[in-house]
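Same chain, two partners: chain A is paired with chain B first, then with chain C.
Up next is the complex of A and B:
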């Protein structure tokens, strides 16, 4: 073993209690960092996936301006044909066409204004969770049946159940009056009141008839298995659009602008907290190393007068810190990973959080996952900051005068 | 404890014997305390604002409805007590504010588009205390009285409807016999809300006008009350219940908006956890400093013991030392926190993440809020846990065998 390394190692254990306390500070914050970062990024992934899976998909093809104005006349022409072409060209099933209209839905007793989506019954379940959330009745089946599925809160407000009739009144693509009578065949419940209260889905062909769409729709939804795949898919979707159209492709960020910002807001407050933790650990290390330098002033005086350069001693101090830091990093990463893994198996639920979780489309129980990245990122930063903290005591050595230092005790 | 003044003096001097160490530890404590209080003030400010925004839009502090209304918000489930009677009941009770309103789902139609909205039939004078709309900032004008014939809608809604001030729109809802009740209105003003979703959701009309359109006489669907403090709504709740005597369903705001209610509870928990986590991170350094301080003067401690100083005094002295360190750290940390929060009182603009904040139900300006309670909590936690952390080194110091300690080569 290298002599300096051996020296550093032995110096550490001259005050084993102090060393362990300092390592303890590192282990504590490293464990916490691994745990929190694992949860945090796991949650972001879930938030994005769940939010997009509910309805909006990873990207949508729309007419320019439709995203902001949602006007009936901003259409995607021949929408079913376009969706089926894309499915063939990109060899994926997770593409579906939709239309949207505002309508006054009336039951025998009540009327509410709702959004009505026209969907492709076969392909819709591949881009959205809603068809899987039917809790009463069934999802849409025939592409041209006069049926509708609606949210649970809406069903309660309208006082209808499956089998009942609803009258839809609205205006068509050209602004003319349109009306239809549809049967409620299913009721879905997502648990998010805004979703369950606000809309219904009917077969796209029926929708196009009722609202005089002339074969057009308002969006083609494209889903992917993961976010990364979606990013790869997007240029292909753009390339596959027929030439000469002015259609645009919006990615999830444009479709759900709140999502990324909620994540950013949460990240910045999380990073503030992590930063404070790391700084406190750095101070702890700074204090320890300064102590250990001060109490060795006498012996440093001797070795310096024997010809050892201050820089070399400085490196010794840094090496001691690095050793400590490495121990703290290894133990911290391991305890953090073990601690987090326990929750990976058993799940983490905070009582009273269910409602907040539902608001962000999160399940009530979270299963954080340790990845190599989440296990190492936090501890690595702590390690770097402890090294930085030891720079001050190490540099102080340059001001040491051998003769004066020897007199100190 | 006659010896306390001496011990205090000794402890103070020991602290400054190695001033570098003390200053480093002090800086760590100051940063920790500052972070505890600053972060708490930020989250408090956020939640406060969320709740104030949330409460001022809809719930007030306490609401009363027909028992069936919350599940089936229709005028059939209106409040049977007329406005005149309500005034007789509630005016003498001197709430900070109260108002009855007509709130029903409706459809608004312009020449081009239709949307679903919530119609609020209000008496603008009574609603000033609740409204999320600052009447003066409205483009055009706000409603002038309960008889006002015009409608005020959100800017965003006007945009989707392709309408503007002076144009006509039709509002459509249901009357008690489930017949369609509709009426044309001229758009008198456009409001902006801190949460864009409100601009699409709410339209304001005069209360009397709404009652006439819905054919409900002088009935309303919702009564809202504001008491003194949203954290303590019980007095208001009790008085409203007593006065109504079981006729209506009375609810507290956190029962209406359960999301905000949980948010408030979660934040209270978060503040405590945050303070403790920071302290634990600090405590390693604190214990370390004390252990070192004891270790480097083992011989002195032995000498003092040999000279007849009681172990209890040694124990006391070390504890006083750590308490002093903490107290000085706390004082500076508190001051620093106050000094950084004070200039931010006017609000921190975080509009870069506005839509994300809206998703959480918060608005895009953050007003940090320093509560005495939070500051006390941080200080008390630090002092108590600090006391516990210093027990072990202090105990060890007081247990030294005098002879062994003196002969120990330091």
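Up next is the complex of A and C:
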């Protein structure tokens, strides 16, 4: 082993308790970081999945421009057939066709403007969790029945319950007047007020009849088991689209731009907290290395008198810190990964969360996501900051004068 | 060419309210292969002069020349290079690196000089044998006597065969027998390798080994005796 490396290593253990305390601080913070980052990314996965499961799916096939300006005439032709073909070709049944229209929904007492989705009753439960959130009555059953399920807030506002009738008034695809009387067969409660207040779902065939869609719809929703699978699936969906059409495929990021922004905002606040933790550790290292430099001033005077330059001495200090940091990083990463891995199997439940999750048809436990990145990223940042912290004591050596240093005791 | 030439050196320290003249217009010239003792009572200026010659301390005025190169105007880095390549230091308190073994202490300087590992090992073992410490290469300073530590310090100072060795009270912590052995070693190195020695001491026995004795008092040279001629 190189003598300078040997010197750095042995210098570390001159005060083994102090070194272990500093390494302990690194290990603690690294373990915490691995756990927190893994939880955080697990949460993001859950957030994305849950948000996409509610309605939008992982991707949607739409007419060009429909996403930004939802006009009735911007349609996906033969939408049911297209969805059926895709299910066959991609060998998955998590694909469903939809139509969407704005309508005035009137009960005997009140009227509200709502969004009406035409859905395939058989396939909609595979791309959305709304069908599983029925609190009263049942979900849609017949593809051509004149029935509707509505949100709980809307039901309250319209003062209707299952079995009651609603009159829908709107504009058809061709701009003509559309009207229908539908029976409320179910009331869903998603927990998201906007959805519960503003939406209803009816069978797609009925929807097409009411709004003169001529077999068309507005979107084909595609869901995947995970985000990673969705990424792999998207090019296949694009490739499976019929030739000669100008249909577009939007991924979840385009469909739910607020979701990424929410994640980024959460990441910013989380990284601010991590930053504080890392800085505290860096100060601990700074303190250790400053003490170490101060108590070795005499020795540094000697080696400088022998011809060692301050820059090289500084590198020795940084090497000592790096060795300490590497130990802290390795132990911290391993401890953090092992600790967090237990939760990846058993999940983490926050008191009160299970009941809330059950209400919203969501998983009750958070499962952290331990990946090489989550296990290493935090500890690596701690390592870099500890190196940075040792720069100050290392730079102080440039002010050292050999004669004065040798006088120090 | 003189190994060491000092011209009109002055150095003043501030101690409390007083200015202490550590060097007061000192001029000396030491030839290559010289064996010189600087003798002075405590505070007489011998360590300050030694530090100025070694580039460890910069005089307030005057010139210091080592092997034809003026060093009092050199940068810190140039002085470090000069010390590394041309000057060996032996200190009163041995000043070994406590976490390194005897051999590693010697190799440390050579590693800074960029000497390859195999050569470092050969040279360090050879020099340890030369100073009478064969077999103790694996011991750390705390496991050696004062005399042994000082021998390691000497070995470290001379392993690269510097042209000039500066020693500050090298026998102050040694018994008389060990002191004699050390001075004999210095004399042999001086005679066999033509190494120039400048030794600051107030030990009469050490002075007896010197070819030339320079006495200082209050920062001034008061006596300069060629002991061979005497």
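Rule of thumb we're sticking to: the second predicted complex is superposed on the first by the 277 of 409 C-alpha atoms of A that agree within 3 Å, B and C clash if a C-alpha of one lies under 4 Å from a C-alpha of the other, contacts with A are read in each partner's own complex, and residues count from 1 in each chain.
Following the convention adopted for this analysis, a contact is a pair of C-beta atoms (placed from the backbone, for glycine too) under 8 Å apart; a residue touches a chain by one contact, two chains touch by 3 or more.
This structure is a prediction, so every number in the text was calculated from the model and none was measured.
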Which partner does A:331 contact after superposing on A: first (chain B), second (chain C), both, neither?
-> neither
Could you say whether A:262 touches chain B, chain C, both of them, or neither, answering first, second, both or neither?
-> first
Touching A:43, do we find chain B (first), chain C (second), both, or neither?
-> neither
When the two structures are overlaid on chain A, which partner does A:104 contact: first (chain B), second (chain C), both, or neither?
-> first
What is the contact status of A:403 with respect to chain B (first) and chain C (second): first, second, both, or neither?
-> second
For A:29, select first, second, both or neither according to whether it touches chain B, chain C, the two together, or no partner.
-> first
Of the partners chain B and chain C, which touch A:6 in the superposed model: first, second, both, neither?
-> second
Should A:54 be classified as contacting the first partner (chain B), the second (chain C), both, or neither?
-> neither
Spot which of chain B and chain C makes contact with more residues of chain A, would you?
-> B
Once the shared chain is lined up, is A:306 touching chain B (first), chain C (second), both, or neither of them?
-> second
What residues of chain A sit close enough to touch chain B in their complex?
-> 15, 17-18, 21-22, 24-25, 28-29, 32, 69-72, 102-104, 108-115, 156-157, 159, 170-171, 175, 198, 257-266, 268-269, 272-273, 276-277, 279-281, 283-284, 286-288, 290-291, 294-295, 350, 352-353, 355-356, 359-360
Sites on chain B touched by chain A in the complex | 18, 20-21, 24-25, 27-28, 31-32, 35, 39, 42-43, 71-74, 105-107, 112-117, 159-160, 162, 172-174, 178, 180, 258-259, 262-263, 265-266, 274, 277-278, 280-282, 284-285, 287-289, 291-292, 295-296, 350, 352-361
Residues of chain A that touch chain C when the two form their complex = 2-4, 6-7, 10-11, 14, 299, 302-310, 312, 402-403, 406
Using the touch definition up top, name the residues of chain C that touch chain A in the complex.
-> 51, 54, 56-57, 76-77, 80-85, 89, 91, 95, 97-100, 104, 107-109, 111-113, 156
